[in-house]
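These are the structures, in structure tokens.
In what follows, chain A forms one complex with chain B and a second complex with chain C.
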Partner chain A sequence: MALEKQRFDTLILGAGGAGLNAALQLANANLKVAVVSKVFPTRSHTVAAQGGVNAALANVLPDNWHWHMFDTVKGSDYLGDQDAIEYMCREAIPTVYELEHNGVPFSRLDNGKIYQRAFGGQSQNFGGDQAARTCAAADRTGHAILHTLYQQNIRAKTHFFDEYFAADLIQDQEGIILGALVLDIATGEPLLIEAKTTLLATGGCGQVFRTTSNAHINTGDGKAMILRAGLPLMDMEFFQFHPTGIAGKGMLITEGVRGEGGYLINKDGERFMEKYAPNAKDLASRDVVARSIVTEVREGRGCGPEADHVMLKVNHLDEAVIAKRLPGIRESSKIFAGVDPVKDPIPVFPTAHYVMGGIPTDRFGRVMPTSDDDGDHLPGLYAAGECACASVHGANRLGGNSLLDILVFGRLAGKNIIDYVKDNPSHRPLDEANVEWAMGRLGRWDTKGDGITVSDLRKEFRKTMEDHAGVFRVEDMMQEGVEKVRAIREKLADVRLTDYSNTFNTNRTEALELENMIDVGLSIATSALHRKESRGAHSRPDYPKRDDAEWMKHTLYWQEGDRLDYKGVRSQPLTVESFPPKERVY
Partner chain B sequence: MMIPESELKNIERLRWQCRRGMLELDVLLEAFLDQHYEMLSPRLQRHFLQLLEFPDPVIHSWCVGGENPDDEEFVELVDSIRATSVA
Partner chain C sequence: MKFSVYRYNPETDNEPYMQAFDIEARQGMMLRDALMAIQEQDESFTFRHSCGEGVCGSDGVNVNGSNKLACITPLSELKETVEVRPFPGRPVIRDLVVDMSQFYAQYKQVDPWLIRKEPLPEQEILQSPEERDKLDGLYECIMCGCCSTSCPSFWWNPDKFLGPQALLSACRFLADSRDQASEERLNSLEGPYKLFRCHTIMNCVEACPKGLNPTKAIGHIKAIMLKDAI
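So, the complex of A and B:
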């Protein structure tokens, strides 16, 4: 049967905040837009973002985009590109107002203006008093934004392909992306979507680690597609871990628990943070607490039958305090850890939360395919959100800047695509050989026989990533990790499905996701092994200092030959003076 | 007893509907599907389908956040989901 084909001006892969905000710009400009999402759009991971969006509106306290920029550059540990950061902080303001006009129900102050809350890492006056910069819609900001953008897209007649899995990008011999091969999950039928422009907005990849706070959908699909198209990923070694996730499950246990007097203990009941951070103890910075937990486990002082976690003790606190100040924690612990924290400590381990790295783009969301500092973008290909790296987070992301990133760069990519399609109104001819290659990759999963199961290899892979490329990063174990993940990549050829049907074959979808996770995992492990310094979220006990002389540069990883290259940080902003690197002190 | 192919596929379809934007719901709903769905009465199975149509924060508030649905019809189902073993 002939492969079904459909044509659009723009193809958007992913229906979180970035994809939907881009789609809305395009549909409002009467472009023919397709949005492909493997789950129903309002079930994208953006829905889990509770905190809010940073924008210097100055509704509560004096504020200024330049102060926001300073905080973001400092938070990035000076690895963020300062032109992109300036652009994001300036564009934050019209982006939030546009969302407001589109109907996002932001919480309000008594004077009717948008409510803004204080978050860590925000300051007035370049490091002065606490700022209040985060615009919120109660504790459901992500949901409110996603729902509004989805409704607006329906009004604007965006074409949604719900429950379609994007398998591979299709490119011609010049490397120009012509759309993607996607799979209808309900029927198993492939569909070729041709497009003049393609935007990847497929979100993060926390599922590469055994313990993650990310939803199951976050398997790095777009990042892996980019790698297979011969393009690089940037700064993938920078992965933010939250120190206290429920052990073996990953759900976040908020820092508020330790703020209210909860503390960590090892199998001997020792309050171990006293040795690692004698002053701040359990309230030390996230990376210090996370590394201390992993050290305890690695040195044999972990709890449980596998000695693979530590305990967060709260049962010395009054039950009324827990109920009043930590709502939700008790229920969550009972359901996911099987313990009532009023009676017993909660088993915890660091949980992978957010990836700063991704598909390298400029500040218009255009994909940058080379390590050349003055290199040009790849025409017609865009990326935005957590799958992308516009390099606004650098080595670490500030709270409230992740929703901002997806919304600003989704919007700007959309606006840029409108101009591109005006100048490039025709579809380019398909390269049939490339389509066959993509179809062949799908067809590989029809091979029957005995083999490794998807779930077994996934389990081995995620544990390997956690043990060798997670929080604790020293040379020998990371080198071993790269070799192990490469061996796991080889084992993929021996994986066989347990279901060969077409209708809702979740086994096949999970196999495609596993391929993606392994491709992305190698980019993380390889990039992390070679960055011999500690910066932001990348912490190397064997290289404990930040090394600006040698490492003030972005890592680029290509899949072919697991090759790395580097390019300079863009430290010159657009209109203001550069913020020179300083030691980060909070 | 062998489960008919059509019923298996219905469960696989529901399994994909249990893929949500929040990890807590992924884990809880899929465990509920595996452990309890087939034993539910047709009425509760219908309610489960209806529940999956609600926005993630609403399902979260019921199944994890300790709030009760306004609609009495869902209370029994939500109680069963809360009691699912995922620890």
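So, the complex of A and C:
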């Protein structure tokens, strides 16, 4: 049977905040836009973002975008590109107003303006007093934003392919991306979507770790598609472990809890963050707080019968504050930890949360295919959000900058795509050989017989990543990790489905996701092994210092031969002076 | 712990059947964990799920006769043998996966987006905390479908009655001080079916995993209509 084909001006893979904000710009400009999502759009993981989105609105305390920029550069441990960071912090302000105009139900201040709370790593006046920069809709900000963007896309008549799984990008001999091969999950039928431009907005890959705040769907599909298309991933060694996941479970307890006055204690009841970050204390940057918690537990000051977690104390706060500002957290704590935070502290431990690295783009969201510092972008291919790396987070992302990143760069990619399609109005001819290659990859899963199950290999893989690429990393442990993940990649050939039907076959989609996770996991393990310094979220007790002379550069990883290369950090902002690297203390 | 799970694959089964599974229940385990364990035993078993913390709304199922979100339903609250079925009244695609297109179409019918007629200000549209409080209990809906698929009026007239979820969404925009299309919204809900087929049976309130009250929202819309009529 002939493969069904459809044509669009733009193909967007992913329907989270980045994909939907891009789609909205495009649909408003009357472009023919297709959004492919493996789940119904409002189930995308943006929905789970709790605390808020940063923008220097100065609604609560004095603020401006330049201070926001300083905090972001410092938070990135000087690995972020300062042109992209300047752009993001400036654009934050109109982006948040646009969201509000679109209907996001932000919490409000008495004067009717958007409520803003304090978050980690925020300061006034370049490292001074705590700032309050995070715009919040109670502790359900991601939900409020995602639903609003979906609603506006319905109004704008965006074309959605709900519950379609994107399998591979299709490219021609010159490497230009022509669209993607996708699979209708309900029927198992493949569909080829040809597009003049393609935007990857497929989100994160936290499922590569066993304990994670990420959803079942966060399997790094777009990142893996990029690797298979022969393109690199950047800075994949930088993976954020959020300090406060519910102990043993991984569900997130927002930093907003500490922003509202909550703090961490060890088994002696000691407020231990005072030792590690005397000024910012519990609102130090996430990498700092996560390491402090792990250190407390390793040194025997953990709580509980296994002494394997610490406690987040909230019960000194007024119950009305908790009800008003943190209702979702109270609900989650009761359900998953069996604790009412109004009465008792919440058991917490770091949980795999966010990948700073991803598909390298310039500050216009265009994908950069080489390690050449002055290299050109790949025409027609864009990436935005957690799947991408602009790079605005460098080695460590600040809380509240993730929603910001997806919204700013999703919106911007949309605007740039409009211009690109104007200048490049026709489709390029399809490369049939490449389509056959992609179809062959799908067809591989029709091979019958005995083998390893998807769930068995997935378990082995996620445990390996947790054991060998976690919060603290040393050479031998990581070397062993890389070898183990390589062996797991070999084992993929022996995995067999037990279900070969076409109708809503989750066994097949989970097999495709497992391939993606392993490809992405190896990029993390390989990039981490070779970075011999400690910077941001990448902590090496064997190389405890940041080494700017040798390592102030971005890692690039290509799948072929597990090859690495490096490129310079863009330290020159657009209009202001560069922030030179300084020792990072909180 | 013993489970009896609804199975149906249109490619191989002439009709649906119930299949027994035995799962080792651990402390703190949720129904979703049990369904994932069942899937490990039998990879052909199919259900939707994602966030695992009750915010994405993917894993609504019918368990022991009630619609619930599997990921926030503790096994300790369920009576054995736990009977798990797809949402009632919706066409089954496979196992626990149902076709929700009607449900989404009804949501779209209420124009669920903010409508402004005046020019937009440069900064935010101002809204007092009291005005914003009116959205609480309305905006938190996760569109899981537990309510609408437990509503008898929805089962009988799914093509004409909008159902509790869509009406809750209609109320969310009617309640928003920033929205400027109340009149059009109310007019579009006129007639004997769209809104007025709600007979306050209140299954929706019982079913909502987020503790929302669609019946109250529907009553609120009716009250505004009545006030406008007088």
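Quick note on the criterion: the second predicted complex is superposed on the first by the 480 of 586 C-alpha atoms of A that agree within 3 Å, B and C clash if a C-alpha of one lies under 4 Å from a C-alpha of the other, contacts with A are read in each partner's own complex, and residues count from 1 in each chain.
Here is the rule we go by: a contact is a pair of C-beta atoms (placed from the backbone, for glycine too) under 8 Å apart; a residue touches a chain by one contact, two chains touch by 3 or more.
All values derive from a computational prediction rather than experimental measurement.
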Which of chain B and chain C A:278 touches, first, second, both or neither: neither
First (chain B), second (chain C), both or neither touched by A:425: neither
Contact breadth on chain A, by residue count: chain C or chain B: C
Which of chain B and chain C A:107 touches, first, second, both or neither: second
Contacts of A:449 with chain B and chain C, given as first, second, both or neither: neither
Chain B versus chain C as contact partner of A:498, first or second or both or neither: second
Chain B versus chain C as contact partner of A:300, first or second or both or neither: neither
First (chain B), second (chain C), both or neither touched by A:97: second
Shared chain A contacts, counted only where both chain B and chain C touch the same residue: 39, 42-45, 47-48, 140, 143, 147, 186, 215-217, 249, 251, 328, 331-332, 335-336, 338, 499, 501, 503-506
Residue numbers on chain C that touch chain A, as the complex places them: 9-12, 28, 39-40, 42-44, 46-58, 72, 74, 93-95, 97, 100, 104, 108, 111-114, 116, 120, 122-129, 131-132, 135, 139-140, 142-143, 176, 178-179
Chain B residues within the chain A interface of the complex: 5, 9, 12-13, 15-16, 19-28, 55-57, 64-66, 82, 85-87
Contact footprint of chain C on chain A as seen in their complex: 39-40, 42-45, 47-48, 57, 97, 100-103, 105-114, 137, 140, 143-144, 147-148, 151-152, 154-155, 186, 215-217, 249, 251-252, 328, 331-332, 335-336, 338, 453-455, 497-499, 501-507
Contact footprint of chain B on chain A as seen in their complex: 38-39, 42-48, 140, 142-143, 146-147, 163, 185-186, 212-217, 249-251, 328, 331-332, 335-339, 499, 501, 503-506, 509
